[in-house]
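The first chain written gets the first letter, and so on, giving A, B, C and D; residue counts start at 1 in each chain.
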Amino acid sequence: MNILYFIIQQTMYFAIPLLIVAIGGMYAERSGVINIALEGIMVMGAFVGISFISIFQDSMNGQLLLILAILVSGVVGGIFSLLHAFASINMKADQTISGTALNMFAPAFAIYVARMVQGTQQIAFTDTFYISKVPVLGDIPVIGDMFFKNCYIITYIGIAIYLVAAYVIKNTKYGLRLRACGEHPGAADSVGVNVAKIRYSGVIVSGVLAGIGGIVFVVPTSTNFNATVAGYGFLAIAVLIFGQWRSNKILMAAFFFGIMKTLSSAYSAIPFLNALPVSSEIYKMFPYIATLVLLAFVSKNSQAPKAEGIPYDKSMR
Amino acid sequence: MSYVIEMNHITKQFGSFKANDDVTLQLEKGEIHALLGENGAGKSTLMSVLFGLYQPEQGEIKMNGKPVKINNPNDANELGIGMVHQHFKLVHNFTVLESIVLGRETTKIGILKMDEARKKVMELSKRYKFKIDPDAYISDITVGMQQRVEILKMLYCDNEILIFDEPTAVLIPQEISELMKVMKQLVAEGKSIIFITHKLNEIKEVANRCSVLRKGKYIGTVNVADISKEEMSEMMVGRKVNLVVNKKEATQGEPVLEVKNLTVKGKTAGKDAVKDVSFTVHKGEILCVAGIDGNGQSELIYGITGLMPIEKGQVILNGKDITKESIRQKCLDGLAHIPEDRHKDGLVLDYTLQNNLVLQTYYSDRFQKNGFLKFDEIREFAKGLIEKFDIRCGQGEDSVTRGMSGGNQQKAIIARELDRNPEIVIAVQPVRGLDVGAIEYIHKQLIAQRDAGKAVLLVSLELDEVMNLSDRIVVMYEGEIVADVNPQEITREELGLYMAGAKRGVKNEEN
Amino acid sequence: GCAKKPGAEGGEKGASEKGYELALITDVGTIDDKSFNQGSWEGLETYAKDNGITCKYYKPAEKSDSACLTSIDLAVKGGAKVIVTPGFLFEAPIYQAQEKYPDIKFIMVDAAPISPEKEVKINDNVSSVFYAEEQSGFLAGYAAVVEGYTKLGFMGGIAVPAVIRFGYGFVQGAEAAAKDLNISGVEVKYTYVGNFDATPENNAKAAAWYNNGTEVIFACGGAVGNSVMKAAEAAGKKVIGVDVDQSAESETVMTSAMKSLSTSVYDTVASVYKDSFQGGKSVTLTAKENGVLLPMETSKFNKFDQTKYDELYKGLQDGTIKVGNDTIATDASKLSSDYVKVESIK
Amino acid sequence: MKKINNERFVGLSASVLAILCGLLFGFILLLVTNPSQAVNGFLMIVQGGFTDGMKGIGDVLYYATPIIMTGLSVGFAFKTGLFNIGASGQFAAGAFAAVFVGIKWTFLPAGIHVIVCLIAAILAGALWGIVPGLLKAYFNVSEVISGIMMNYIGMSLVNLLIRTSIYDQLKNQSLPVAETAVLSKMGLNKVFDGANINAGIIIAVICVILVYIILEKTTFGFELKACGLNTNASKYAGINEKRNIVLSIVIAGALAGLGGALLYLAGSGKFLQVLDVVAPEGFAGISVALLGSSNPIGILFAGLFIGYITVGGYNMQLYGFVSEAIDIIIAAIVYCGALSLLFKTLIYKFQMKKRNKNNKKEEA
């Protein structure tokens, strides 16, 4: 039982960032813009967010600081993603390429600035955000142990983001228009929807969420930021596709990947797994292989937005 | 008297090409105003201008006498102008309801209030007997249904001026007659309709007045009541002389291409686009497949040429069964194909002209030696064709094809396909959107083939082309062949009736 | 600050003029690796400060022998007289450089010049410094058990000799203590995580151990410590730091198994300027030379006190306590005894 | 050949524009972070390989070699309409195969051994390429996504294989390869004294020429490009487009794989590290391909250029700058590159207009 709780708690650390970023990706792609820059945007968000913490951790501390930092990361991510939006919407550039550029830029920038400013590459911070037990809720028998012990508010923020995002894309005017732009911009345009605007918003949302995802990924699992998010941006893309661009399926995918990550690192302490002769690399590979296999099956009639990656050009008919 | 809509001296260009050239259109309140013209005459473009999708280079639009600026569909909406587009603008994985409210959502703090919308949609649907299911996904409903959704989209926001761009091209007769009823009902309610179609009898049936475009130019407006179909078609096509081709009697030889019980699946799952079609093309004849857009002609050709998998049936070329053969082998066997969509299928637009001219033959020993292309050979060959077929372009064989005019692009394809001197040429709408000169030229080439004792299978949507070129006509309707006739023995009207599915001739299949 | 801000500092003195006399070349880990790069750098930097000499660190363009050699060239070009190189990465490069630059002094930490053909050759301009990490580890292990912990963990970075020595020493220390206090059933979880970084995986691994009852983990791999501390903070357990005094890093750091990196680098550099530089050989600094230690003043012990520490330290110095190094066993599990059970996790 | 010249011109001007933008951005960055030294630092970048004479140039060639190969890999795929973001994985696969053979198959005679290593690398890379190829051709899975997946799978798999077969426990890296498996220096190291240069660069150049010939001179290249530019038309012309998709990624993979071999057999004392990091050379390849506008010759120069400023950036440390500045500049260049694709099409559109006019005139 204890083990089970532990796995669930650990899984949160991995799954929540994936969830947030993948949902962000969903907004970009459902609006018609492929965003493989998520990795880079995460790094950017984490970089600035963690720097923010390490600067202000003496003057303030606790959850407030964390929440502020998360906001900062979000804003930074949003701004950074504008580069991608500009290239792919105004300039009608190849979206994978401008995305790649952002991915190359972010870590280099983080290292460069960190070393130029503070001389060292890693940005250390003290973790005053850890919650060993949420007051009341933590005492609920099983549920409490699973979800309200050894956690960060991050978990709940993530869940909240998910719920809102899923609701918005399905049930709001904005969501409806966003989806239209991703599937058939011509149709949206013909009823007076401003495709460019919607797509910008989609990319920005993805940027904000990726930025948040960045810091959310670093805080629970490390004591410093070292200019990397260990490929979680790309993993998030896998999650997005695995989840077939549908938030509900993305949720499941995120947790599946999260569990795999947990097992790959914690298996040594999980008796029945420790017995197995499976090395950690296998666990590491598994999510990716699973995604490939899944893709092979669903891609023929994939639910990918029809118009994703294609710059919208009015006069094309 | 004042008009609800006046479009005065509209000119719309795409690049250097004038899709509308000083066109004027006046719509009276409560009338159905037909807009008539060949493919590429500029009808859709003109309507797109009225609907705010395109901005005209010149001209003004007046509404009830007052000039108005229509910068985008929103403005059009504000003014109560709605449009059913020729190519539907529906999102495949939206529900009918979602599709209708898109752009005019009723919301509370941004959250969709679908039930109100639903009520209104159901009312409308009842009023016009549309029987739509608001929760069905667009991808799951028939084309006819999709069109009703498009119509509902207009009615949903109480538009007064309704534009129907070729609404009937894709409908089956029953649907057409129902649509006609609806249109009458709408004008009866005081709305005004612009109705685009190629089909004269439809105009005769519902339209009050009719404006005609030709090659982007405004020809004139007439009262439908006091003009005959012939006169209308003459207005639409222009003096017959352009298109009448003088050709000597056909000398029908033995069969070249035999199509037996061919069946091809359509894009929309379930229904077949081509149903058990059989016919034969002989040496020295031009067999024309006539029919309204979207009745399975494209699929038929794709099936024959192998670009689409076929369900069942046989394709026989000079007695050899080529059904299962690769596309390349078919080509080697002497089957030439002038495709419907030259940009999609016919050309690699970013290749040079010379490369496109050898697209079907680059692998032959003439142009390659153990894997290496013989550039000089190709260049010479290209020069030759450019000379022979008088293809005009900037830097001769080195010009990038994308930069060539439509007519010359088409000529390039013709040159490539005919120069192989094939057993049979399959030409699908070979003159679509081309200028008269090009049209005449291409027609001459096809006839030359025929006179040289080769076979030609021509697919055309345009009556004149059909009537003038063909030695035999088969009419396709709903994926079936409904008539097999001799142009000398049939009038346009009859043909039109066949094409509209209103008449079915006994299939006199030979052999 | 010297080179804390390379940029600003470059501003004061461009390489053009005097250049940087003291140079350190990192082994692509940076000078904040919580390990020998950092320790050595601190020593170098302090000496530079104390004597108003310029210093600077360089980072090889890639992790290859020739790239290291190139950065040595760059350092020399930058005016270096003394070059400090931490880590085995420099075995081959220095082997060549010592010939190429006879009048430059090289200080190798944790390594000696070795040719690709495994031939060791130490010229007079090279001093190679090793440490008896096993003794340091021994002290830590002993202390942990005295503190009353019976479920210990060892998380090495990568199974390089220095780390192995730490680990084996740690186990032997635990055993010695268990014997003296006659505690049986001390358990040691023993593993190498395969990197020297702070990664989520390492964090999860440590968390899993703590969750499984492990009370204190000897985090022996530079930044790996950060991941372990993170987990310890969450689980409210203890950590033992390594190489440098890591007590500042986290409340959970009980003590650190130190080797006197900075002091020894400081001294060796000093010896260069005092013309007392003793090159040509490689020395292993043990307790005798105060080469290893626990920082008692910053350690958070309840039972294990200074007197006990001094007693042990004497024992190590006069050899009454013998600690085997990395050669005593092929695998940690072989160190198990009736007092200590070592579970080695691959 | 008017048109070819024109294409060259357009591609070149686009790349040059991108490079200038990137460098400008870099200079601004230096200025912001450390005005007093910015100029010196920037000069270092511009001087690049020339700062330390022949050795510097030699190093440029050394750093350029692997990224020219990955650049070729990506560029070749681009030409055929595919985005081979999976080059990293293929590179790693090739590197491992080469090193593995280089260590284990010592029974092979001197001359042969290294060649077998290279072949092994080529095969491994091709193998890693075939997966996305098949997925693309027969399951229409985007090669971008499957490429990313294959990168991570490759990374972990290679780590696993190293640890279980050719692991140097003491250094957490691969064992050194046998002397017989190291690429010959061919006396180049005499010319470029002290540099790592070796036969690798020559092999790379040969590959450049080969790829150029395949793409520009052969029927195979004709088909590949046709598929890349218009799949429908290719099918219409009887070209087997599925087969071509697979082939082109496989070839791309082989090139990247060979690149891996050339780097790790260079005898520069570089070893395969067991780290959870996707081989950066693959991504570098993307920028190289973009700079070279996917033209083999262009790629050769782009690779040299990036190798050149890499050395320069490394020397910047003398002025207290951090060499990551270079990666930033390269990223900036790539970004501008993405925009300058548009810049290109603009030029084309412009030229097209002109032609149309001519045609219209002639027709009239």
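We take it that a contact is a pair of C-beta atoms (placed from the backbone, for glycine too) under 8 Å apart; a residue touches a chain by one contact, two chains touch by 3 or more.
Because the structure is a prediction, the values reported are computed rather than measured.
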Inter-chain pair with the most contacting C-beta pairs = A-D
Measure off the straight-line distance from the CA centroid of subunit A to the CA centroid of subunit B, and report it in whole Å.
-> 46
Between subunit A and subunit D, what is the separation of their C-alpha centroids in Å?
-> 29
Averaging only over C-alpha atoms, locate the centres of subunit C and subunit D and give their separation in whole Å.
-> 39
Which residues belonging to subunit C are in contact with no fewer than two other chains?
-> 6-7, 199, 201
Can you list the residues of subunit D that touch 2 or more other chains?
-> 33-34, 276, 321-322
Who touches whom among the chains?
-> A-B, A-C, A-D, B-D, C-D
List of subunit C residues in touch with subunit A within their complex | 1, 3-7, 30-32, 191, 197-205, 207-209, 211-212, 223, 226-227, 229-230, 233-234, 236, 249-250, 345-346
Within their complex, subunit D touches subunit A through residues 29, 33-34, 83, 85, 131, 135, 139-142, 144-146, 148-153, 156-157, 159-160, 163, 276, 278, 283, 286-287, 290, 321-322, 324-328, 330-332, 334-335, 337-339, 341-342
Name, in rising order, each residue of subunit D that touches subunit C in their complex.
-> 33-34, 36-37, 40, 52, 59, 63, 169-172, 176, 194, 196, 268-271, 273-276, 310-311, 314-315, 317-323
What residues on subunit B touch subunit D, complex-wise?
-> 15-16, 305, 307, 326-331, 337, 339, 344-352, 355, 359-360, 362-363, 368, 371-373, 392-395, 398-400, 402-405, 407-408, 435, 437
Per the touch rule above, subunit A residues touching subunit B in the complex are 171-174, 176-177, 179-180, 183-184, 186-193, 303, 306, 314-315, 317
